[in-house]
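Report on one structure; see the data block that follows.
Residue numbering begins at 1 within each chain, and the chains themselves are lettered A, B, C and D in the order written.
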């Protein structure tokens, strides 16, 4: 029984080794946005919105898809609080421009109804991943309040500020 | 390291200064409905419903999208309690006739799936913003129980009573 | 029956007239915080936290108890995102220092179990109302991450910045 | 087989007869509040609140514990919207003065933690059943915004208006 036990332990070690071999060399959130960067992205997005004369809500989430920074411009839609946060989360949940999910989630689309997961996904433009200079995704930014084109543009301006 | 910390703090101050610039001169809820006005709108909507022989639920929310007044007419649908409240909230969330959201949220629409935000949006007629005489949005009214045309007409009658 | 119906309508009009009498002259959200003020309060709270060496989440809500601004300092608790937001909301929901609710909601307290309302209340220090120079409540600030004494102190520093 | 079928039907009739014998002679909501009565109770409660100089939220639910009427007085707590509605529901859920639940739900109490049912119960004063002149419970009224004594007094004044 002692030999059998040893075998089981070896087998276990082997399994864990396999499991670990497949793993990347970093943890989920090894590359993560700082609050300084979040505020920088938020400030850049807000500046872009003001120059465009658009009133928006801006949310930044970190690598763990948790809220890092938020601001609601005076006069912007109350309903956009939740939409902006959900756009940012959606973008980080799947490391994608939220608008790109739109095509896939239409009736007949390959992931139709995925919007019912995660407490509700936003599948139209305005949520974009935030990357560092090496291209690692470190968070995401969500914007809501303007047209979908404006929201995407403003979010992109925010994300870009981290690299510049 | 002390110097670096100081630099970061300065940088942060700078960022927040940028964020604060460009603020509009008015706040979100500067113009708000009173309970007297809410009851007036509700009474007008109810009167219109009675004259049309329609049984409805009527909800009024304030500038902050919080419930201000509500009444359910005898014999109206139980399910319309939540629909009426959500119609009013939807209308204030996006300062829009709830029915106008319908076209935009169809499959293929530009904001398809936005209905999954804010705990559920109603995207068909029956929710309209309430404005004061100067045109400021001070709340919204939601009606449910009749056809969508009736609901919208009754809600509109309620909102109009504030201006007359 | 037509006469009876008319009587009911008259009676209803009378009731609603009674309901409308006695209304105060001001609305709930007449005094509201701007996003500039929200960021100012957030910046002051953050500065105070940094000087105290405490890592916190800071949330500001407006007069309608809706999120206006938020920041999570690096290394602060993930669980404090929701706590900070709920502290700010609790404070505005009842125009009170959230810590003062604690004594009232203990077992045997006069409003024991009120914490089960409004999607969950936080009844310990860290949420304080924000007032303007005239003393009108225009929003609230919630802080979470330090000890309850630290959280309250940081939140108070944030609220105070609006008046100074 | 025809005989067997007849037997089954007879047996079924017998079972249903037994089931029905135990039933009271009326359905759950046979005695139900009208919207006219709801507004009357609300108006009486509001008048009492105004005479006492207390700002409250008032909610009336019907025999099915569903919202029938609601008003929020200007300047009353935003958090009291949900508390008033939950007090009314709690009162009808168990046909009891909500304050009486308080003693039973303390730690060690016989129904400790029942407040976690039904989306949250309020177990302090301010919710009272509404009865018709024959003593049948036809709904309930919930009041929130004042002290618990004031809330109970105002709710009682509202309920009483239906009998007077």
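Going forward, contacts are C-beta pairs under 8 Å (C-beta built on N, C-alpha and C of every residue); 3 or more make two chains touch, one makes a residue touch a chain.
Not measured: the values here are computed from a predicted model.
Chemist: So how far apart, in whole Å, are chain B and chain C when each is placed at the average of its C-alpha atoms?
Modeler: Each chain reduced to its C-alpha mean, chain B and chain C end up 21 Å apart.
Chemist: Counting in whole Å, what is the centre-to-centre distance of chain C and chain D, each centre being its mean C-alpha position?
Modeler: The answer is 28 Å.
Chemist: Quick one: report the Å distance separating chain A from chain D, using the average Cα coordinate of each chain.
Modeler: Here the centre of chain D sits 45 Å away from the centre of chain A.
Chemist: Considering chain A alone, which of its residues make contact with at least two other chains?
Modeler: 39, 71-74, 78
Chemist: Name the shape of the chain contact graph, picking from line, ring, star, complete and other.
Modeler: If you draw each chain as a dot and join those that touch, the picture is no line, ring, star or complete graph.
Chemist: Following the definition at the start, I'd like every touching pair of chains, please.
Modeler: Those chain pairs satisfying the definition are A-B, A-C, B-C, B-D, C-D.
Chemist: Touching chain B in the complex: which residues of chain D?
Modeler: Residues of chain D touching chain B: 34-35, 38-39, 62, 64, 66-74, 78, 81.
Chemist: Touching chain A in the complex: which residues of chain B?
Modeler: 8, 11-12, 15-16, 18-19, 22-24, 26-28, 64-65, 90, 92-95, 107-108, 110-114, 116-118, 121
Chemist: For chain B, which residues count as touching chain C in their complex?
Modeler: My answer: residues 9, 12-13, 16, 19-20, 23-30, 32-36, 39-40, 42-43, 46-47, 50, 62-66, 68, 138.
Chemist: Going by the contact rule set out above, which residues of chain D touch chain C in the complex?
Modeler: Spelled out, the residues of chain D in touch with chain C are 36, 39-40, 42-43, 46-47, 50, 55, 71-80, 82-83, 86, 102, 105-107, 115-116, 120-124, 148.
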